[in-house]
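Have a look at the structure below before the remarks.
Chain lettering (A, B and C) follows the sequence in which the chains are written, and residue indices restart at 1 in each chain.
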Amino acid sequence: MNPLLKEIRHNPMLWLLAFVPAVFAAAKLKPEAHTLLFVLSVLAIVPLATLLSHATESVAAKTGDAAGGLLNATLGNLTELVIALTALRAGQYTLVKASIAGAVVTNTLFMLGASFLLGGLKHHVQEYNRVNARVQAILLFLATVALLIPSAVATADSAAGAAFTQELSVGLAVLLIVAYGLGMLFSLKTHRELFASAEHAEDGEAPWPMGLALATLAGVTVLVALVSEIFVESVQQAAKDFGMTPAFVGFIVVALVGGAAEMASAFSAARKNRLDLSVGIALGSASQIALFVAPVLVLLSYVIGPMPMDLRLWPGAVVMMLVATLTVTLVTNGGRSAWFVGVLVLMVYAIFAMTLYLLPPGVQ
Amino acid sequence: MNPLLKEIRHNPMLWLLAFVPAVFAAAKLKPEAHTLLFVLSVLAIVPLATLLSHATESVAAKTGDAAGGLLNATLGNLTELVIALTALRAGQYTLVKASIAGAVVTNTLFMLGASFLLGGLKHHVQEYNRVNARVQAILLFLATVALLIPSAVATADSAAGAAFTQELSVGLAVLLIVAYGLGMLFSLKTHRELFASAEHAEDGEAPWPMGLALATLAGVTVLVALVSEIFVESVQQAAKDFGMTPAFVGFIVVALVGGAAEMASAFSAARKNRLDLSVGIALGSASQIALFVAPVLVLLSYVIGPMPMDLRLWPGAVVMMLVATLTVTLVTNGGRSAWFVGVLVLMVYAIFAMTLYLLPPGVQ
Amino acid sequence: MNPLLKEIRHNPMLWLLAFVPAVFAAAKLKPEAHTLLFVLSVLAIVPLATLLSHATESVAAKTGDAAGGLLNATLGNLTELVIALTALRAGQYTLVKASIAGAVVTNTLFMLGASFLLGGLKHHVQEYNRVNARVQAILLFLATVALLIPSAVATADSAAGAAFTQELSVGLAVLLIVAYGLGMLFSLKTHRELFASAEHAEDGEAPWPMGLALATLAGVTVLVALVSEIFVESVQQAAKDFGMTPAFVGFIVVALVGGAAEMASAFSAARKNRLDLSVGIALGSASQIALFVAPVLVLLSYVIGPMPMDLRLWPGAVVMMLVATLTVTLVTNGGRSAWFVGVLVLMVYAIFAMTLYLLPPGVQ
């Protein structure tokens, strides 16, 4: 039997694929029903993201260690990248930036915290590889610094200030991509033995044949792009209808939708007492967005956006990224976890979510 | 012989109890002598706080482990709570907030630093349970984040901003209390073996009989409340006479007075090379104020205050709490201490005290 | 043969001594050629700094452990001190402050990062004494707090604010010097066994005879002072000609010139797998500047400056010092290093350098 169909039959999340045609039909028939389109597009993106991550892993498994790791690291956040690219092309830079910062914060705090909590409820104390957690935390810290410094230094809102921020953003984008590349060289090549336990193959599932995997990768990416367009168009209006602030939507809703597939993997690994894998997925995904997706978007904005995008975030978002990084550093320091550690990390996330939800419009 | 009288005879600090009637007499006879009333009320609160903490421990010792720990954790900062409640009822919200932040900073930096120094002068290198210190440091970090975010995010001083801050404060207060409760569940119930050494009974003293302990608890709480009223009324005027800024009074003086009893215990434990106990008292007390006393005051302000109180602190106070938390994290990371570590922690406190002392009026 | 001449013959860096007479000649003949004078003075200061550090070490080696350590710790940053004193006398307080903050940031990030990178390129994983790194990191943190608090607290730019900042700066300067002195007592006397491996004599070179060392120390200090005068006079104008911002010059160029000698030692030790020594030089030098050189300059400004200097830095500089301290803390936490750790630390430095280079004039 076709492994793709078999996968769909076994994984209930993939039944949501039925919403993919539904969202296209609704967009055609009721282009003004923003709330409906928003809900349908969310329900359609989640299973597509799951398929995308399986296809990526299958290709990675076939192409051998180094190339596979590279591929996984590059395409692991393809969903987030495609959503952000759609928003970028539409010129919605506030949404792009909020979704980047939100993805970093959600992956570090929510994905990691919930993994600790879910794992901790089943296992008394869990241990994991500190070295990997530490390297990821330092990478995240680096990205936060790159986002913090332009905001901290540029006080003037003059024309000179804007030009400075733009130039600096391009320079920082290049720096971050270089750091990300060297980090992969380090963890996949020169010092891969230090990261050993986090490298594990996922769940021992048989990978798909190469052709199927590549075809799925290509086809699903196109589908994600199409659904993202509907999602990005409807999200702001739908947010208003739900009484949510734009900041909450960009930071929390988009990030949870985009990361649903990774979250499913991370939580299931935590339950199986393979916390190394959970920590690797959560922090790896966060640092990939901060060091790879964000700078790529800045550089691509010169090509596909209506105008160049800079790296300067809303100060509240920088504070949240900084706090998320410090929390991860504090919490992963010992390489051990119990349920309460998860609660604490989730509490920090809840503080952010509550603040963004209550935020009066116009502050962000 | 009555254990209460025996205690008073053996503990020179309790001789200060003579100042309790003195302060009431002075308040009756010379209600305008603010400086005198201030000095007398300080001298009266210190022995009352000592009695209160002995009574709490005696009740806790009788009621068994979990309930006793709960009681200790809830009533351990009764003095601070009563003083703050008195100031809250008087509508002195600036003093309430300064005393909360000051108590957190004083307990983390002064109490911990002086314990390290006093212990280190007697013992070359001291070791203590890192797990407890780390959990307390993360709890403190969580509370600081809860206080930092509203200040960092709310820039507008508009009416919308004020409503937002108030709503958010109530939400955060509930979150903090939940985190505090779960923290007790964790350290007293599900993972109590990790905190083993810090749980020790204090000094092997025989606890008082239950009736005496309960009666002392009730009676002394009333006395503290009455003396606090005189203290709160006189402190601002007395501060002016002494040339101290209101910020210095709230942050340093009130915090030192309110924490005198815990400090005596923490220092004596450090000298006896039981640093686990000192660290537990200092950090436990700080996180209790931040996660329990402060949110309870916010919620109670709806009932007993002239108007609702929010959680937003003066930015300088947030910075000081954040620095105090980072200092503790840095310093307790290794689980070892020597005299110089104490000096460093005290230096950070001295920087704060000096800044607050010199602060021109009107800045806070 | 005279050990001074022998040293000069063996150490190619000392051949740069030829630029010392050249810079004096140029200053006499072409006092308006700022760019030339700037380049020549840089080339002259580097070998003089190297000689100065050799002479200091020779005197230290002869005077025995405690006194030698004291001497080394006090005169180790003599070059930076003399340059800063020259700028102080010229009333260039912005340059003085930028060079202090820059020296701290450059020593922590560039010197440490490059040591990790150079060592890591030769050795797979390197280990070093964590205790020393931690104490130095906490000392740096203390100094950063001392610089952070006045800036964070003093918002008013009124006359009262200025008087407050000045008073506070003197108080903080005294506090920092006391902390520095107690730190030496701790690491050289009471707990010297904890710092054992970092205390090593440098490279087993035979020290110079006492007379030669003292004469070199005195003579070279005078030369450095004279060259510094030319350097300080020419640097601002030359920076403009090179298209560099004043912030970049003070922070990066002056710091790299002043620290060239220590950098040579730190890098060579890292290549020889003696990372303890590299970490000790880099962090020791940074904390010496922050806790000794900076406060001494504040106090001396009352005697030799045109007006008192305060400790309040440009907010961007405080953020950079704070980030540098956090980076060091994060990175040295494990006591192990590999090449990528060096890359990460250098990246943070590159972010700062890039920001300062692009900064529009008038922001600092």
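Definition applied: a contact is a pair of C-beta atoms (placed from the backbone, for glycine too) under 8 Å apart; a residue touches a chain by one contact, two chains touch by 3 or more.
Because the structure is a prediction, the values reported are computed rather than measured.
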Exercise for the section: Report same or different for the chain A and chain C interface, where same means the shared residue numbers exceed half of all residue numbers found there. Expected result: different
Handout entry: Angle (degrees, nearest 5) of the CA superposition of chain B onto chain C
Key = 120
Practice task
Could you grab the centroid distance between chain A and chain C? Build each centroid from C-alpha atoms only and quote it in angstrom.
Solution key: 41
Handout entry: Shared-contact residues (touching 2 or more other chains) in chain A
Key = 333
Fill in the blank from the handout: Seen from chain A, its contact residues with chain C in the complex are 130-131, 134-135, 137-139, 141-142, 145-146, 148-150, 152-156, 158, 160-161, 163-164, 167-168, 171-172, 175, 178-179, 182-183, 185-186, 190-191, 194, 329, 333
Problem - In the complex, chain C residues that touch chain A - result: 124-125, 315-316, 319-320, 323, 326-327, 330-331, 333-334, 338-341, 343-344, 347-348, 350-352, 354-355, 358-360, 362-363
